[in-house]
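The same chain A turns up in both complexes below, where it pairs with chain B and then with chain C.
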Partner chain A sequence: MATILTRYGDGTMLTMSEKELMQDLEAGTQDAAERGNIPALSKEELAHLFDIFSLPYNFVSVEPGNEVVLTYDAGTLKIRRVGVNVDRIQALQIYEKIMGADTMELCHVDYSFKPIKPIVTMEQPILEQALLSTHVPLFYGAMPNLGTYTQPDGPFPNPSELMPMGDIEGARASYDATVEEAVKDIVYAARAMHASGADGINLDTVGAAGEADFKASLMAADILKKEFPEICIELGMAGEFILGMHGEMEWEGIRLAGMYPHEQVKLAEKAGVTIFGPVVNTNTSESSPWNLSRAITFMKACCDVATIPIHVNMGMGVGAVTVNDHPPVDVVSRASKAMVEICRLDGL
Partner chain B sequence: MRAAGDLVARVQMARGMRIAEAKAYVAEKLSVSVSELTDPVIMTEVRQDLQIGQIMPLPGCAKGIEAKFRLSEVLELDINCVNRFKDRTAI
Partner chain C sequence: MVDEQTIKEAIKAIVDHDEAKAIEITKKFIEAGNNSLEIMTEGFIPGIGEVGDQFGRGLLFLPGLVQSADVMKKVTALVNEALPEKQLEKPGVVVIGTVKGDIHDIGKGIVVALLRANGLVVHDIGRDVDTEKFIEEAVKVEADVIGTSTLLTTTMGHQKDLEKELKKAGLRDKFKTIVGGAPVTGRWAAKIGADAYAEDAQDSVVKIKELIG
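Take a look at the complex of A and B:
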């Protein structure tokens, strides 16, 4: 019986027997099916995943013709994070001409809409100049990041301090107030960047602060789409389900807490979002086969119900990619191949 | 950008098309087959012929906003910055 060389979710190496591999694949899909109340993967799909993990190659890929497009979040921020000291327009050109990127995103290092608002007039000329010298579609992106609206970083009482004191109503009122302010900031910055020629607006890491974060993003997308019907809005999630920090928050009469990707995408569509980027978190103590089978189950359910393009988040710690600053290509390529071949998604 | 990924992405972004539909749309506008869209050798020639921007920008070829003017016509898509350029330059 062959030995499978793979990894844990934290990136450390792991060897498995074929029997153990299939057991983990079955357990992963079962976990997602139970949590999301969605169908588990079929025997054929599990067999396909088994084949992908059994391939002896370090890097694997899809058949020619099945390639998908890639969108990137925070590209001009990440190139500085790795210590490449170039200007942001140069960073866009490096991604486009040296890495062959399909799309790019201009962003600020303080990657939230709240701090962007007062400096938006400094950001607009950078975007306008970048658009003259690049070819690929150019997003401007930032995070809703509602955590920046509560004390000590913002004006509103911190719900995480109010809750332990038993002030549930006060905490909920604070969440409601942050939504109102965040929507104003997102719409203000997005309007400016659209006026400067952006090909799209990326709302990234949506839901990081719970359902208020998601609600603010949906509301902002709805306003922008009504004002500019031609605008492209990409909405990329922070986690696999909407954290219920408020518990009773709704948008369009639908309770947001606890929603999984196949439910989130329907609200994104309703808000006028053009491209949806769902997330499945990686469990560091489980194997890559377990994580990938689980992630594929959630993503397949999302792609099956979606009517808009789906670009699954496939980065460090999400989409079955290891929680490691330097994700190993064996895991990244297997996860990408499986996502494209089983989920029939539109991009990564 | 090495082949046609940026073009397919533009169609997804502008028309909200899913991948198969977006690839078919781009292939038809460029008069190539869907399978040729991911061939960097074929697509470099196509991109050069149509002047819609290429990864190795040779002397004299359309670059940046110039290529996006062409792209807007070839793909029959509104491109925000192209419209803005026309507005600003009274074209």
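Take a look at the complex of A and C:
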């Protein structure tokens, strides 16, 4: 019986028998189906995943004609983080001209809307120069990062301190207050970048601080879309479900906590978001087949109901990609091929 | 022996964070001459386990978890009061924090809430914590377990530093260590010499109780 070389979610190499591979594929899709209350992958889809993992090649890909848009968030940060000493415009050029990026994002090292507000006039000329020296659609983006609005980083009491003391109403009031301030900052920065010619605004890692993060992003998108109907807004998520830190927060009468990607995308559409970037987190203790089968189950359910383009997040720790600073090509290429071929998504 | 109906009601009282009902069940059970530990182990502990599981699935949210933990604390006090002195167990003491260079503490906060709900004495020393501080605090409060959390691959090394520093100080056998966080695995725990790895908040309760024995 053939053995298949694959990895755990932390990148450690692993060999599996064909039987073990199929068992993990089945367990992964079952876990997602139960959690998200969504359909599990069919036998044919599991067989397709089995074939992809069985391929003896290090790098695998899709057939010509099936390529999708390849976009990068925070690329101007990531290239510096791995020790390549280039400025932000050079980073954009490297991604575009060497790495084949179809869209890119300019961002500041302090990747949150709040600290960008006071320096937005310093960011605008960089964006304008970048637009003049690249061809790809260029986004300006940052994280809503509502954690920056509570103590010690912001003015409002820290809900993580209030909650354990039993002050649930105080914690909730603090979350509500952060939403109002974050919306102002996101809209302020987005307006400025739109005026400077940004091809799109990216709200990244949405939901990292719970449902307040998601609500602020939806509200900001709604305001921007009404003000600039032609604006392109991308919403990239932080995790597979909206963490319920508040528990009762709603947008348009819908409770946000606990929403999975196929539910999140419907609210994004309602808010006027142009491109949605769902996330499924990688479990480092489970195998790559388990993680990929699980991630595709969530993503397929999202793609099936979406009426806007879906660009699935595929990177360190998400989209079944291993948690490594330099994710291995065997995992990244298998996950990418499977996502494109099974989910019928629009971009990675 | 706890009857099935009482077990169901005890679990429900914890999941619904129904303090009045949980207290009523406990008092009734104790007044009937039963061993109070039984209602704890067969009803309330599975209840808080269910809370942890539902939180991990996005079915229950932080305020609910905190309220359930609070109810758990109150029934634990009642159960302990009713126990004869010799049956009273010293609660396990845990020092926990997010390692140096890492400011992420949402997950750690949830772990703390569940540990406390399970009757452990938890000293949460915050985020961005120096390795030396973990040791100082553990010595000060006579901890059984030191728990370290990290979200970043770049700060995982501080979990290894703790193992080294404990050995250097001749304290490695005095404390059990447990590691957690998104990039952390059981393989990492074994590699650095930690005593255990916890995958999530509920797992941390199970593993720490195993460590304390």
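One rule holds for everything that comes next: the second predicted complex is superposed on the first by the 348 of 348 C-alpha atoms of A that agree within 3 Å, B and C clash if a C-alpha of one lies under 4 Å from a C-alpha of the other, contacts with A are read in each partner's own complex, and residues count from 1 in each chain.
We adopt the following convention: a residue touches a chain if its C-beta (ideal position, glycine included) is under 8 Å from a C-beta of that chain, and two chains touch if they have at least 3 such contacts.
All values derive from a computational prediction rather than experimental measurement.
Of the two partner chains placed by the overlay, only chain C lies in contact with A:A171; chain B stays clear of it.
Judged by the touch definition given at the top, the superposed model places A:C232 against chain B, while chain C stays out of reach. Applying the stated contact rule after C-alpha superposition, one finds that A:G141 touches neither chain B nor chain C. Of the two partner chains placed around the shared chain by superposition, chain C is the only one that A:G258 touches, whereas chain B remains out of contact. Looking at the shared chain after the overlay, A:P64 reaches chain B, while chain C stays out of its contact range. In the superposition on chain A, contact of A:G154 is made with neither chain B nor chain C.
By the touch criterion defined above, A:P278 lies against neither chain B nor chain C after alignment on the C-alpha atoms of chain A.
Of the two partner chains, chain C is the only one that A:H246 touches; chain B does not reach it.
No residue of chain A is contacted both by chain B in one complex and by chain C in the other. Within the complex formed with chain A, the chain C residues making contact are 57-64, 66-67, 70, 105-106, 109, 112-113, 153-154, 182-188, 199. Those residues of chain A whose C-beta lies close enough to touch chain C in the complex are 8-10, 12, 35, 160, 163-164, 166, 168, 171-172, 209-210, 241-248, 257-260, 281, 283-285, 316-317, 323-325. Within the complex formed with chain B, the chain A residues making contact are 64-65, 67-71, 96-97, 100-103, 128, 131-138, 194, 196-200, 230, 232, 274-275, 306, 308-309, 344-347.
Against chain A, in their complex, chain B makes its touches with residues 1-3, 5-6, 8-10, 12-14, 16-19, 22, 34-35, 38-39, 53, 55, 57, 63-65, 67-68, 71, 78-81, 84-85.
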